[in-house]
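Letters A, B, C and D mark the chains as written, and numbering starts fresh at 1 in each.
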């Protein structure tokens, strides 16, 4: 039997998880799926796919990177040990809520200079990152430093970071459906040394 | 103007994101928030918090680890460069869908042997990990190798991994509400060397 | 002008760096280069190369992994985001001073079960890791927990970890000399998104 | 019995390892230990120590970071999950052969702006990084893109990266000697969840 404090905590948890899901549902309703659909051929036809993001956006993109690898594509995360130089024919997927994170913008500049295509996931199409991108997918979530809570009641960029994960999982699910490879085939590619 | 193929892709993306959100809503309805509430005092009173998970569950827990650090707690992710030895007074949060991942179970054994408390996030309470845990929070999602799609139509452990992220964000939001520190204070702890 | 304490520190630094180099020179004299030479054809002919090591040995192997990637080989570090499953035709290079580190031994077991070849770098040929390995390159350095300082006056496995880095750099230099690719060609593969 | 090719490979390995050790010995003779001695009080008195480096220099610094953690200091590697904001009272150790790597220079700028002290390890005192540093320890090794082999016959920045590891191990050994803590005490801090 829980104490009154525990009961209150339980109620808070339920409310907050409800709020998080509600915010993601509302964000999903505002997505431009016609535009997002344009990303898939880039993924399917890129020679190699590179992903970059800072902090929690970067972690969400790493989850996406794993799935793309399970799918049989050649995928690299910027900053990892054996990630090679990006070059013509490659695709860079970059996530940045504000589109101004300096390491991400620098990387996008280098990718473009190397002849690669950059596609951004961001809250805005008006940013240095967007300016470098062939396509900017807009996830209408609060930016990290917008503490006013007008779009999201969550802390900092949480809604954007959650949406990056969930949208990429929807992208994977759609790529997979179009491809039809059995789950068992994908499963064989899962890391087996851990 | 999109082609018919693009229109179909857009429709697929919308359906799949809807499905993902629907599965997370359904999972949320089945959570035992009274039990989950028991985790919060452990987080609040642990000397140091360690987090461990493999693959995408591990990435979801890293997102949680960042937030707990922003909140001012002493937090370490297993396997990172300067993560020290766990000891009495510390808390280990371990995520594993099946509760059988060998590196996670081994780590839980070592944590218990060192006198630390282990709390699991898993799809089942009947596992070696659960047996080592003071508390096992059940996220009723398909296990990774359950390709039968009875609980989730998503690939492998996707639903579990999404739920680990979203639930931990709800836990953070609840800890934060109880604490009342302004967002600006938390913001000052965000990594500033990247 | 330095104080007496600073002078003493400077003298200590000089002595300790001299000691470290001396220990590495002595270790190098005891290496069986005929045996180490057997590793190179495995590297040259493997479909893909995986590397695994814990702690500082793991960091030394990551430095080796970067160079092998610069060299144009397909190289993965165990535990990184997009590292796929190892399989027949692949090579696993595993470094463990004692040859008993449980995560490394488990990984070697899985690699062998998958049909891959395992080659160990270790201080001993009498270990579970060596038993799984097609070849065990012996680096005669103290093991981590040998605090008696009979072989090395350095802390823990430092000599072994240094030797793993230096030997792998000698291996790279030898592969490169046999191959003759200009440095400029290798340079083009260096990560360009950081 | 080895084939002629294997014999040649063995001879090449021996020559190359000899060359690597020779280059490190020569570099050690040119170090200004009086200057390097000035780093130790910074390490001993910093509230927290942050380390940053790209590529193989970064890996060498991570090895140093582990030892400083074993020694009982509060140590963070830039870019890892729970690394907090740097602030006044903290020390940033930055390794960059050229002193121009943009992510490292940016990080040094932010560290200085936050009131932290920056100490560089570099091949030159004439660089943007050196300009931001309270102290620049010079390791006289070829820079990465100096393919002329005038200082080192090794590929790219290999000599610098090796020297960063070996010098930091000498620094650790000297700190440890001054402190006198038994190896067994340090050993207890080694990561025990892997």
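Here, contacts are C-beta pairs under 8 Å (C-beta built on N, C-alpha and C of every residue); 3 or more make two chains touch, one makes a residue touch a chain.
The model shown is predicted, which means the values in this text are computed figures rather than measured ones.
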| item | value |
| --- | --- |
| Pair from A-C, A-D or C-D with over half of its contact pairs in common with B-D | A-C |
| Contact-richer chain pair (by C-beta pairs counted) among B-C and A-B | A-B |
| Self-contact between copies chain C and chain D, residue sets same or different by half | same |
| Between chain C and chain B, distance of the C-alpha-averaged centres to the nearest whole Å | 34 |
| Length of the line joining the C-alpha centres of chain A and chain B, rounded to whole Å | 18 |
| Multi-partner residues of chain C (at least 2 other chains) | 59, 62, 66, 79, 81, 103, 190-191, 194 |
| Touching residues (chain side chain A, partner chain D) in the complex | 59, 79, 102-103, 106 |
| Chain D-facing residues of chain B, complex | 50, 52, 62, 65-66, 68-69, 75-86, 92, 103, 107, 110-111, 114, 188-194 |
| Residues of chain D defined as touching chain C within the complex | 2, 6-7, 9-14, 16-21, 24-25, 28, 31, 33-34, 36-38, 40, 54-56, 59-60, 62-63, 66-67, 70, 101, 103, 145, 147, 154-156, 158, 161-162, 165-167, 169-174, 176-178, 182-184, 186-187, 190-191, 194 |
